[in-house]
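Two complexes, one shared chain (chain A), two partners (chain B, chain C).
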Partner chain A sequence: MEENYDLTLIIHRYDPDTKRSWKQTYHLNAGRILRFVDLFRKINEEEDPGLAWNSSCEHGQCGSCSVKINGKPLLACELLVENAVEYFGTTTFEIEPLNVAPVIRDLVTDIEKAYKRVDKVKPYIIQSAPLSEKGEAYSITPDEMAPYINATRCINCFCCASACISSHRGFLGPNAMLASIVRLMDPREMEKIERLRVLYSDQGVCRCHSSHACSFVCPKEIDVAHFIALAKEGRFGSKSQKK
Partner chain B sequence: MSKTLKIDSTIRCDVLIVGAGGAGLRCAAEILERRPGCRIIALTKVPHPQKSHTSTAQGGLAAVDPKDPSDKNLFHMFDTWKGSDCTADQNVIKKISEASWEQIVWLENRGMHFSRDHEGRLLKRTFGGHTIRFGESPAYRAVFEADRTGKGINDTCWGETIKRGICFMNQTIATELLFNGNRCVGSIVFKQKEGSFVRILSRATVFATGGIGQVFKVTTNCRQNTGDGLAVALRAGFPIMDPEAIQFHPTGIVGPGILASETLRSVGGILRNRHMEGFMERYAPKMKDLAPRDMVARAIETEIREGRGILNPDHRIEHVWIDLRHLPHSVHEEQIPEVRGFFQKYMNIDPKTQLCPVRPSQHYHMGGIPTNEFGEVQTAFQETVPGFFAIGECASASFHGFNRLGSNSILELITMGKYAGERVLNYMEDADTDLPDEPAEATFSQFSRYVENRGRENIGKIREEMKSLMTENVGVFRNEEKIVRAIEGLADLKKRAGNIPLSSESLIMNQELVERWELDNLLDLSMVIAHASLNRRESRGAHFREDFPERKDAFNHHTLASMTEFGKVNLGKRSVNQCIFEAKEKFYEKFGIIERRY
Partner chain C sequence: MAITDSVIKRLEMWILPRLAQTPVVSIYAGTRGWPFVIAWIHRFFGILLVIYVLFHIYTLSFLETPALFDHKMKFFRFFLFVLLEWLLAIPVIFHALNGSRLVLYESFGFRKDGLMIRRLLGISVAYVFFLGLWMLLGNQTVTPLFFWLTVSIIAVIPVYLVTGKIWKTGMPVGWKLQRITGAFLLISIPAHLLFMHLHPSIGHESDVVIQRMQNTFIRFVDMALVVSVLYHGGYGLLAIAKDYLESKPLQTACAAIISLVMTVFAWIGIRLILTV
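Showing the complex of A and B:
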């Protein structure tokens, strides 16, 4: 195990004022357990305060720091230097912004635009089921929740959308479909028809080629493709799917 | 040559909400439910409301279930009062506690995925300091959504606001409040993506900007928690209440500062210094590693200070170890899987076979913009400011006094969010949008200074120096000598910050420009924190003075600290509301000035 690594970061840059794009190479020496967000900060402090990048929570909970590193979409706050060296088998890393929306500057993508697809599936309860008693919580058992609870862990980092091979322009993409599938399985939601109409439209599941790239890259290890497969078969029932 | 900065456009709306975390979103949802069609603009610094920091709260949210035969609101109120070290306001405690269960149901009915028991009811867990019958036994009072309760709240409230129609302006910072007479009529905002300044005129303005963690070197808080809301309020002449009341969690994971929960110690983890000594025995012979949070934090800091810490070479942070190696396999697998995962993911350490580095981590700010129990902001003279509201971690009502109990913060977000929403609607009955008295000169003089500054300093480096200065001198341990050193150091850093050149004058997504502004916010806030800490010559809750280790009755009041010119801090007082005690009903004596002993 080495203590320090000499790294080469090739970062894709974009200047919105001049509309110029270029690749910039940074050489830095970094400790083995620094994360890529720490490397970006180090570049800002030591070399280039102008490099723009995104992050917020910096512990894998918010999905703000997604970038592509050597082609793989991932969370920059979760990737340690020594793990990256081992995983990619190199100390040279090419870092690009996520390709799910226009780039604003350097590694910062306009995620708000990508979110439009999530908004389209209405990520809330459209029409609530009747309550047994007003002022009470619904009664839902863990068994009833089991089929969809994993899908509620999605943080909308858009890594899956970035990896999805079906990059058809109108396609909702894996995470937006996931948000809809959650409410199709949630017994509190009554409005299933409208949801199905969107999911089975030409923007929905039919665009998916079941490549499983989404499941492969999801930092939350959600089996996104599994949920989409269920949706293709129309299996939204809350029982009998998984035990 | 520099650009002339100008207002690019003016927008009018009914309500401007600055900050869309749990507090801001809950407030917006309340307004929209009660008044459909109300024009709300909500700002965030992050790329999307879902990225707000509330999303990271893990543990749970306190609420007394009226169907629970053993628990009562009165017990929750007592725990909160005792935990606050007798500095929370009892009118606020009462209001929040009594609304708690209704707010849980509100969230559940709108789709939050709470964890359930086998009969389908909401599960509850215990949290430190929450008890039944005034300390008799632990209370099962916190409902939760697995280890992502904050995400559940944030997602649910966000869903409700987009369902009802709201306008979000993301990556947009509020830089200055606007007034007409004493009435708040909106704010100047800087849209980072477009690089433009916009004047938003609103009938009511709500601040919900969250925490201040970036003042310190190790923090559980996110990168954007630079205390902007507090700094903007200070510059507008408002005080900050109890800025010195800052909570440190004893075990933050070194480097990222991620929370390593209390469970590690309750399942048998042992804190060790560089000599491998289980040092808690020396500090708390009976409770050892299970002593209360603040005590453990102080023990760890003492070890480090006396040279028994270990330096992490990568993050350049000194720490102690938590030893989990002796715990049975089943404990690792079943009781601490998440935290174990954090050590594996962020340190490449396997707690089963390796020692884990931890250090006290700044976690929560009890202080903030002073408000009454409806979220209406107050001046230094305790007059409410028409049209200006503050809720969530950036506000201080005060529900937590000098020490917050776990699971009480996210409860505060949703209850105060709702109350402030109601109040905003009342206020708007006879308020219209108005033009401010003065143009946005403060913002422009600030920002053009940043662009024009020349020299050899670097934002990141000054920020790091400030964080170290605050951590060492105004952190877990405070004393007069250290605080004075911090005050001098901050003045020097503020001067040096004037020599930071920006590498680009562009206004579009210029991260450096925004970080420069944030640095000023951090420095201003640090200065206020330091002065308030100096002035409070006692120890109370999370504020610990080595030179005054006892609590004193003479300080049974809140601090109100104002600063319109850097370094010139005015200190005032606000009395603590004790309405429960004064009502003299059954058990009222529990709400007197009692000892905080567990």
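Showing the complex of A and C:
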């Protein structure tokens, strides 16, 4: 195992002031356990302070650092240099912003625009089940939670949306649908009809072609396609049913 | 199935690494997974089949003038066309079986997708091989009524199962009809291909075709084929178009154009079936 690698990073740049897009090549020598966010920081410190990129938690928990590396959407804070070299079989990496919303600058996309699709499905409990008479918090048993616990791990990194064969034109996208499905499977949620209407609308699950790319790229290893298929199967009831 | 699966697994171990090195496939297999590549092949073959079906209905429309039909059909006896007709079995069986795999995954909860993909490839290879054999033999006789009665009875099974499973879900009606027509075509189109190659005259000689179409049941089956295939193809095209057209008016315009083309071809097909 090599200690250091000579890497070539071809980064897609965009300057909003001049509206110019270009690819910029950086050569750097990096240790094998550096992550890609560390490489971006290294570029900022040693070569080009102007390169813009996003991150927050840097522990795979917030979803803000997602980019496409050699075409694969993933979290830049999770990918180690040695793993990238092994996975892609190269030391040259082309890095692009996710294609889920307009680019603000370089690798930074307008995440608020991307989030609009998630907002559409109201990713919170719309109408909560009544609390117990003693006023205790509603508790969910592990058995109740088991069928959908994996889906609750979504961090809205939009990697799945970026990989999806259905693109992003008028389609809610896998993570937004997943957010709604989580609430449909949540015993605390009483408002199912409104959710099903959105899910079964022209922008919803009927636009999914079961290409499984979402499940393949999800950094949280959520089988997104499985949850979407549950909706297609009619597991959560129909939009016209009585409350 | 265990032996077949192990043979397919071995083949797969030999083929996949090689396939994964081919230019376009290598990018998508590694970044989106094999089912994504298969989804693209499904799309591509679907578009190809829609084009073929429209061409097929167009050539059949020459049946109105039998002499002209026989003249045109002479071209299809050349080796190259026979080869192309055989190769047509590849998109047909792949699209049919992959479509059924999707229905099994989406509506029947079959989650062993890798296993299903292996089986679909195995059955596809076997079908294409047997169709080739059929074509080489080329002198089988069976009455059309017997063949199509049997096929129809078999085709009713997936239609019944799929309809029962999906009809009460909240999915849009258009989507449901796409699946139901798909279930019918899953059996009837590969069977149609087999039937057409039982004997060269079945599809190439106007008097044989016209005589077959005098039977009411055959007419009914042919009409069901035309309507199902055009609806299925039209909905598929629209689903692809929607992935690229963001604006609602553009989507509506596209839906109108596709509906118009499909209706015109359905009209040509049905008129032909009822009048020859």
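FYI, the second predicted complex is superposed on the first by the 232 of 243 C-alpha atoms of A that agree within 3 Å, B and C clash if a C-alpha of one lies under 4 Å from a C-alpha of the other, contacts with A are read in each partner's own complex, and residues count from 1 in each chain.
Criterion: a contact is a pair of C-beta atoms (placed from the backbone, for glycine too) under 8 Å apart; a residue touches a chain by one contact, two chains touch by 3 or more.
These numbers were taken from a predicted model, which means no experiment stands behind them.
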item	value
Side-by-side fit of chain B and chain C on chain A, or clash	fit
Partner chain(s) touched by A:70 [first = chain B, second = chain C, both, neither]	second
Chain B versus chain C as contact partner of A:125, first or second or both or neither	first
Touched chain A residues, chain B compared with chain C	B
Arrangement angle, chain B at one end, chain C at the other, chain A at the vertex (C-alpha, nearest 10°)	170
Which of chain B and chain C A:212 touches, first, second, both or neither	second
Touched partner set for A:169, first chain B, second chain C, both or neither	second
Superposed arrangement (fit on chain A Cα atoms) - minimum chain B/chain C Cα distance in Å	19
Residue numbers on chain B that touch chain A, as the complex places them	46-48, 50-53, 55-56, 102, 104-105, 108-111, 113-122, 146, 148, 151, 155-156, 158-160, 162-163, 168, 170, 193, 222-224, 255-256, 258, 313-315, 342, 345-348, 458-461, 464, 502-504, 506, 508-512
Partner chain A, residues of chain C touching it in the complex	27-28, 30-33, 35-36, 38-40, 42-43, 102, 105-109, 111, 113, 165-166, 168-172, 174-175, 239, 242-246, 248, 251
Chain A to chain B touching residues, read off their complex	3, 15-17, 30-35, 38, 41, 44-45, 48-64, 77-78, 80, 82-83, 104-105, 108, 110-112, 115, 119, 122-126, 128, 131, 135-142, 144-145, 149, 152-153, 155-156, 183, 186, 188-189
Residues of chain A defined as touching chain C within the complex	70-73, 87-88, 163, 165-167, 169-171, 196, 199-200, 202, 205-207, 209-213, 215-217, 226, 229, 232-234, 237-240
